[in-house]
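Labels run A, B, C, D, E and F following the written order; every chain starts at residue 1.
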Amino acid sequence: MMAFDSLADFIQMGTHGAFVWSTYGLVLLILAGLIANTIQGRRKTLRQLKKRYSRETHS
Amino acid sequence: MNWVWFHKLGSPKWFFQWASKWSTPVFYLGLLCLLVGVIWGLVFAPTDYQQGETYRIIYVHVPAAVLAESCYLSLGVAGLVYLVWQMKMAPIFIKSMAPVGAAMAAIALISGAIWGKPTWGTWWVWDARLTSVLVLFILYMGIIALQNTLEDVALANQAAAIVSVLGLINLPIIKYSVNWWNTLHQPASFGLTKKPAMPMEMWLPLLISLVGFYFLVAGLAMWRMQSEILLRERRSQWVKEKVMNDGV
Amino acid sequence: MTYLSYFKAECLALFRTKQRVVNALLFFVMVVVLFPLGIDPSADFLSPAAGGIIWCAVALSVIVSLESMFKENYVDGVLTQLILSGLSLPWLMLIKVGVYWGAMVLPLLILTPIFSEMLFLPSDSLWVLISTLLLGSPGLFLIGSIGAALTVSLKQGAMLMVLLILPFYFPIIIFSSAAIKAVQLGMPYGGLLALIAAISLLALVVSPVMTSLCIKASVR
Amino acid sequence: MTYLSYFKAECLALFRTKQRVVNALLFFVMVVVLFPLGIDPSADFLSPAAGGIIWCAVALSVIVSLESMFKENYVDGVLTQLILSGLSLPWLMLIKVGVYWGAMVLPLLILTPIFSEMLFLPSDSLWVLISTLLLGSPGLFLIGSIGAALTVSLKQGAMLMVLLILPFYFPIIIFSSAAIKAVQLGMPYGGLLALIAAISLLALVVSPVMTSLCIKASVR
Amino acid sequence: MYSVASLTISDFLVERGESDLLNGLSFSARSGEIVHISGANGAGKSTFFKALLGLLPLLNGTISLNGEVLVRPAQSLLSKSLYIGHGVGLNAALTVMENLSWYFPECHISRFQLVLKELSMSAFAEAQLQQLSAGQLRRVALARLWLSDKPIWLLDEPFTALDQTLISQLEAKMADHISAGGIIILASHLPLKSLPFQRVEL
Amino acid sequence: MYSVASLTISDFLVERGESDLLNGLSFSARSGEIVHISGANGAGKSTFFKALLGLLPLLNGTISLNGEVLVRPAQSLLSKSLYIGHGVGLNAALTVMENLSWYFPECHISRFQLVLKELSMSAFAEAQLQQLSAGQLRRVALARLWLSDKPIWLLDEPFTALDQTLISQLEAKMADHISAGGIIILASHLPLKSLPFQRVEL
């Protein structure tokens, strides 16, 4: 029992489709940014630590 | 009451191992719930008889707003724990959580603002609730700025803990003051504070989405804390082994 | 070093650099003047806004003048010696904030009637404005000192300090300007004044401890 | 030392301390928020005042962020070396101000639409606001750098600098908020924009020389 | 005679930036002894003093006074020691005399005048601090050695910026202090000329 | 060989605060000579350098270069001299290497590495300045002596905070400079150990 009759209706969301979809778009953007930032932070930490440890073992 | 868990939580090593087990499943569970909740909300939930379809923004707006507040509460508690017990994990938690909380506050602000345009005819009003979320966002940014500006780690820990704790005191005060301030000349705005009696079919996806947000934030926070732990415990043997052997 | 000798030294230092207090007041004047010049000089606009304008100006000038409160002492190593003095650091901090407050508040109270006149504040609100200033300003100074301690090791703390501290000033500012509006509308304002006093009291308990924690963490 | 190497070093230094730029922007946000919170949150009040409010906030945050512009360099003896470098000091100062301006103005322009929306600025005024910011901000930075140079040897610069510099900002602020009001009333505003640009140009000619004179007098 | 018989440092380890410093520094100073800590630039001399005073956290190490290990080391040391480091610790807004009377409210003004005279600073008693030359500023900071009665002196590069006359005067003062049973821990790149000392290399 | 044959100072008089300093200081330094200015704390050594460089106004006095009296003394001296004073003159926001390449954009990075190695600072090439100890910071400031090609060196207390190794290195560098025909004017409380010099008492 979908709330919409057709895909076009769904895209349009009554009259204010732009609002709903831009909200969801921006939310997606922010969440993706947060997740990317988290993963990148993890990668950077590991890279840094590996470099450090290998420098230590060499010297 | 058994306090072992408390002491265990205070140990970065123990927490790291615990988090490596749980962070990924929790994150994916959160993502799943969020997807289910949002798709349910967007596709299957009935149309609101007053607002039409725009109300579907609620499925991200309310969870994000709730999370923004809960995250700050947790920061304040962590700050208190650090000031009282000097527990090592607390500043790690604060540092990892602040950006996540800021993102949640940003989502609440943006989704609310966009929602406001069709329903109230304006992106923004200086209403009690909106203003207190804005202040919350600024508080998060302050903590982040403080941590980025102070180079000394010990100092940054202390400073962030203090600001978090003060924020904890401030939060109810600001809420109260803002409420009072608003009602003085602008009573009954838009019925935002009145709880809409929602039908079950609208409410259930909201609940699922809320749970999804909680898990997602928990998972992300654990990931961030893991990186932070590795960085801070870099001189201990277990971190060295972990990094060199399996690359985590 | 004793509490008394520290108190005397602080008073003397502030007296020597009295230009500082004058500057803070002039800063306040400037910000107040900025409003009519930058926004709207008409009485219709200014009269209801006067209380809020004065309070915003007070908040900004307190922050900016407190920003450098510990900085010189930090650079010269005086803070190190205070920590090592064996005296209780929170008390020393309280003394310092107290001296600053004392030096700033009196001249501010003298200026207030002049400016409330220039901003067309109805004269029955003036007493409420003065009461809010008396009750709220200790809170401003106490909270501000935490911010000054947080940013003491930074070369340019003013910005960060405003960022961190202004949210904590919001309740005081909001209650104060609400009280001033309340009296203009003929509504009761006693409760608001009590709330402002409560915030200042809370700050009195919390601030010295927090300030000294920050100072200890900053001095390396 | 060459002009290019100095330019690069300044860019790098600003990039290293990029949190500083972020802080300046957040400071701007705070001051903007202070107005509705402290004075009046209604659209009736905010809408006509919006341009003035944004300009006041910009002026304050430019001053506060410029205040520390030369301070570190002064303490570390970098300014001495700049004077002794044999390069033309006014050009070096112009380079420094230019770098600061470049780093601050772009993010400020991005924030402006958001805040003008929150302050209910009518959207047809937005473009005028942005034009005034583009034309007037070089003037703010150039004049501000003179103040920063004047107060470089003082321990508590921010306050004094506001005192010295704000009066010179008044024309820019007044013309800008007049231009924004003019467009709201449907009046011509081109002349005002031209005036603002003229002030900035004048500052461009005068400021580097003044700044370097002050720097030379401060370094002992 | 002072009440402190010995100060023992053992196994100091401090983290500074990326590296560990002081690796396991241990020494003991008895009443009437000078410990001269020397080492190349960046060896960790200043770091040692800060760690001793609790301004930097110790990764490892203990401090004993009169043979007893201190539980809250910083707190117990504070009342017995006088530290003069790189910062002069003077309030720039006050004059020389006012700075001294702030530190030593119990002393009479004539005592200050005497000390300033000894340091050839009488002419600057009422001078603002920013009017002093580098060496004159250090002299005022060092005046505290003449005025205090703390048994343990912790001096980080006390000879910086001083002229030869004052260096000998300071050495004479240090000689007085140890002959009265005090303890001096000193970090300096200059050798002590006339005093016996125990050398600790970092 | 450098192009400057002699630098002559005559009749210097500078007002500082309440008093006049340097009362009529005059001396002359020829290519290959070191002038060692000494004097008690507050005698006016730092003041002299500042007056020479035009940072303080001269009440009286002239400066001649190669026998000719300079008309705009500060301007003409600047292109030929290198001054290192109490302030280190380094940008605190930049790393060691970045500071050097800002001062000497014409030098290649390998040159910097060489100099840092000579000063035992290789490990700190990428360090932020606030992570350095007092002596390490001075070392970075002094690196400019190794990199510049100015004939006249004006050094105000160059040995401050340096350890013994670096002091001898610096003396060796100064010996190189004068044997190449440079001129050094130096104020210091420490005597030069291995170099011939002309002493000027203030």
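Heads up, the rule we're going with is that a residue touches a chain if its C-beta (ideal position, glycine included) is under 8 Å from a C-beta of that chain, and two chains touch if they have at least 3 such contacts.
Quick caveat, the model's predicted, so the values are computed rather than measured.
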{"item": "Distance-maximising chain from chain D - centres being C-alpha averages", "value": "E"}
{"item": "Most widely separated chain from chain C, with each centre as the mean of CA atoms", "value": "F"}
{"item": "Cα-centroid distance, chain B relative to chain E, in whole angstrom", "value": "49"}
{"item": "Between chain B and chain F, centroid-to-centroid distance (C-alpha), Å", "value": "57"}
{"item": "Separation of mean Cα positions, chain C and chain A [Å, integer]", "value": "43"}
{"item": "Cα-centroid distance, chain C relative to chain D, in whole angstrom", "value": "25"}
{"item": "Sites on chain B at which at least two other chains make contact", "value": "135, 138, 141-142, 145, 149, 154, 181, 185"}
{"item": "Multi-partner residues of chain C (each touching 2 or more other chains)", "value": "17, 72, 155, 160, 163, 167, 170, 174, 220"}
{"item": "Chain F: positions in contact with at least two other chains", "value": "86, 92"}
{"item": "Contact set on chain B toward chain D in their complex", "value": "122-126, 131, 134-135, 138, 141-142, 145, 148-149, 181-182, 185-186"}
{"item": "Chain C contact footprint on chain E (complex, rising order)", "value": "50, 53, 55-56, 78-79, 81, 83, 85-94, 98-99, 101-106"}
{"item": "In the complex with chain B, residue positions of chain C that touch it", "value": "146, 150, 153-154, 160, 163-164, 167-168, 170-171, 174-175, 178, 181-182, 192, 195, 199, 202, 206, 210, 213-214, 217-218, 220"}
{"item": "Chain A partner contacts - residues on chain B that touch it in the complex", "value": "38, 42-47, 52-54, 56-57, 60-61, 64, 99-100, 103, 106-107, 110-111, 114-115, 117-118, 216, 220, 223-224, 226-228, 230-231, 234, 239-240, 243-244, 247-248"}
{"item": "Chain A residues within the chain B interface of the complex", "value": "1-4, 10, 13-17, 19-20, 22-24, 26-27, 30-31, 33-35, 37-39, 41-42, 45-46, 48-50, 52-53"}
